[in-house]
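What follows are several structures.
In what comes next, chain A is part of two complexes: it sits with chain B in the first one and with chain C in the second one.
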Partner chain A sequence: MTHGILIYAHNTRAVDYALMAVISAGLAKKHLSMPVSLVTDDSTISWMKQSQTFDIANTVFENIITVDRPVTDNQRRLNDGETSSTVPFINVNRDSAWSLTPYDRTLLIDSDFLIFSDVLNKYWHTDCDLLIGESINDINSQDRMKYLDRHISDTGVKLYWATTIMFTKNQNTRLFFDTVNHVKENYRHYADVFRFDHRQFRNDIAFSVSKHILDGYVESNLGTLPPILSALDRDILYSVDNRRLTFLIDHKLDNNYCAASISGVDIHIMNKQSIIRNQQQLLELI
Partner chain B sequence: MQEQLAKVLDFSNYQQTFSVQKKTLKERSEAKLTYGINGGIFRIDRDLLTFVEILITKGRTHAVVLLDINQNPILIDDLTLFRDQIFDRYFQVTNEYFEHYQNIKKSRSVEKLLDT
Partner chain C sequence: MNFGYLLIVSHSDTVDYLQLAYGLALSIKNTQKPGYDKVALVIDDKEKVEQLKSPWVFDHIISWDEQTFWNGRSWMDQLSPFEHTVCLDVDMLFTRDYSHWIDYFVENCDLYVANKVYTYRGDVATNRNYRKTFDANQLPDLYSMWTFFRKDATITKDFFDLGRYIIQYPVEFTNIFLTAYKPKIMGTDEAFALAAQILDIADDIAYPLEFPRVVHMKPLLQNWPWPADTWSDHVGFYLNKHGRLKIGNYQQNDIVHYVEKNKIDRELIHILEEIAWKR
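Then we have the complex of A and B:
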């Protein structure tokens, strides 16, 4: 059985997802010792060639899988510390992972998830066809997570995090990814049924609803990956120094920051621009 | 008064960083306290350690089925070996946790905390 990691990256004018994917892939490959493949599109590849990241990408990725650039008007509000902007966001083809992955068992991760440990290696041989990030774990000690970070809506089901997903390619997981596709295609309908906000398509919600349906419309914590340690986009990755990441943390979400550092743990850094600002130091770690 | 306020704010920043460092250290340790065997994943905690030790005391040492974190039944051929491995992992991780925690406790400034 082949094992490997899959990352999606479709650049927008605001965020260089390809560069983040190279960093994320390099760290994943280093700490999990597994091959990594990229799913991207022609225009993102053109940008990679122009920005000199394509050569590094060729050394980091085992396969670069080119697909049509998804058409979407999805937008999201992205904070970078105190500043914020509304930017386009191409995330609507994650359900194609089942058919695109070249591996029998795949770890699908977001490009802003940086792996610094081998914790996820323990899950390759788990007797579960599909595992998904159980929850998000705020880097701050005081919990800034709200109800809607744990549930898909005020009255909806538990929210799982599609930042990390591991699956074996078989008929069971095909059904799961087909269901994700079905939820995506009928997002408005499911938004009515589960009472979530339909204005922005979120993979986390599509995956959570699919899991809920396939679990028999009951909440089940079975088949989960460890909680995802996350720095919010209000937090700033300040520096990267010899595997130590130092953050400025907006601990009360009021633009007053405290400092904190981590090393040797996997981290989901939602402030994408701060990953880009530290690209040189992060690339040196791969 | 200004000086006193500055001291309070400094201490507040220190406390905030201290608690974040403590939390991430705890989570790093918890993440290491899992053990994979025969397609199962086990969380190494006091419940598992005690339960395994009781089974061994009762003479159940071979071909024992345990439920993993996903409630899957996992066959453990040699429970004594399994016990030794999870005990080793538990003490390795908790000793490391203790060592790092002492470093955090000894750090009396934000700068030093960030280096722990």
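Then we have the complex of A and C:
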């Protein structure tokens, strides 16, 4: 059985997802010792060539899989510390991972998830076809996590985090990814049924609803990856010094910052621009 | 084994408790294995039962009108025709076979009272808004809506004798034992908890177990991020023709204590009757 990691990257005018994918892939490859493949589109590849990241990408990725650039008017509010802007967000083709992955068992990660440990290597051989991030652990404290960080809506089901997903390519997981696609295609309907906000498509919600449906409309403790240590997009990755990452944490979400640092643990950095600002130091780590 | 469920109802001008008990008895017949599906009804007007389409769901009908409501339920040990009994609130529905729970209690217990409840999502309910008397007075957290007892056990007699006495003299017991926070009404939950505390048997009759699992639909217990007056304003209640119950997006597999009495209407009763008739 072949094992490998898959990352999606579709650049927008605001965020260089391809560069983030290169960093994320390089770190994942280094710490998990697994091959990594990229799913991207022609325009993103053109930018990679223009911005000199394509050569690095060719050394980091085992495969670069080109797909049509998804058409979406999805937008999101993205913070960068104290500032914020509304930016386009291309995330609507994650359900194609089942058919695109070149591996028998795949770890699907977001491009803003940086791996600094081998913790996820423990899950390659578990007797579970599909595993998904159980929750997020705030880098500061769980006090900043609100109800809607744990549930898809006020009365809805538990929110899982599609930042990390591991699956074996078989008929069970095909059904799962088909269900994700079905939820995506009928997002307004499921928003009515599950009472979530339909205005922005979220993979986390589509995956959570699909898991809930296929688990028989009950909560299940089965099929979860460890909680995802996360720095919010209001936090700032301040510096990268060897393997130590130092953040400025907006610990009360009131624009008053304190410092925190981590070393040797996997981290989901929601502030994409601060990854980009530290690209040089992060690329030196891969 | 002589085991059965005991339901106690009395006349009310506002709620048809017999209909609720009928719905519960139908759901018991529809889900429990033979030998675990016996139901005894205690009622103050026996003739009303004859008006039901399927009065046979009640294996025993006991006419009794000496007490009403909580006062009546505190007599459960003397009213039950069974050797082993689970006395239930009537605003509940069974959703699957729970006979394995009964096997455990018959084997291991003389008396056991439910001591935690769950949300419709399957989480343990943590809100303490309805339990101020219990917390302030450090009472054991008993929920009398699911009470198991062996009829001829000494502990059963001691416990219910004292529980009845507490309900009979609520002011006196409140003024002596519940001074930290006085309950508005001395219900069976409070009376049983106080009886367990006075007899020092809380650890014997309410030790931690993963069952019985009862979903308690009091709105503030649902671990929602805001207070709610009625849960049905926020999530739906769906019983399909196979008797499978969903609340919101959650399939219910535990005993559901639905609280809102209007949930048991003619349509729902008809679904339960059809399933019972086809069994």
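The criterion applied here is as follows: the second predicted complex is superposed on the first by the 285 of 286 C-alpha atoms of A that agree within 3 Å, B and C clash if a C-alpha of one lies under 4 Å from a C-alpha of the other, contacts with A are read in each partner's own complex, and residues count from 1 in each chain.
Rule of thumb we're sticking to: a contact is a pair of C-beta atoms (placed from the backbone, for glycine too) under 8 Å apart; a residue touches a chain by one contact, two chains touch by 3 or more.
This is a predicted model, so every value here is computed, not measured.
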| item | value |
| --- | --- |
| Chain B versus chain C as contact partner of A:216, first or second or both or neither | second |
| Which superposed partner A:229 touches (first chain B, second chain C, both, neither) | first |
| Chain B versus chain C as contact partner of A:128, first or second or both or neither | first |
| Which of chain B and chain C A:147 touches, first, second, both or neither | second |
| When both partners are placed on the shared chain, which of chain B and chain C touches more of chain A | B |
| Touching partner for A:258 - first (chain B), second (chain C), both, neither | first |
| Touched partner set for A:137, first chain B, second chain C, both or neither | first |
| On chain A, positions contacted by chain B and by chain C | none |
| Residues of chain B that touch chain A when the two form their complex | 13, 16-17, 19-24, 27-28, 31-32, 34-36, 39-41, 70-72, 74, 110, 113-116 |
| In the complex with chain B, residue positions of chain A that touch it | 117, 119, 122-123, 125-128, 137, 139-142, 222-224, 226-227, 229, 244, 246, 249, 251, 258-262, 264-266 |
| Chain A contact footprint on chain C (complex, rising order) | 121-123, 224-226, 234-235, 246, 248-251, 253 |
| Chain C-facing residues of chain A, complex | 146-147, 154-158, 193-195, 212, 216-219 |
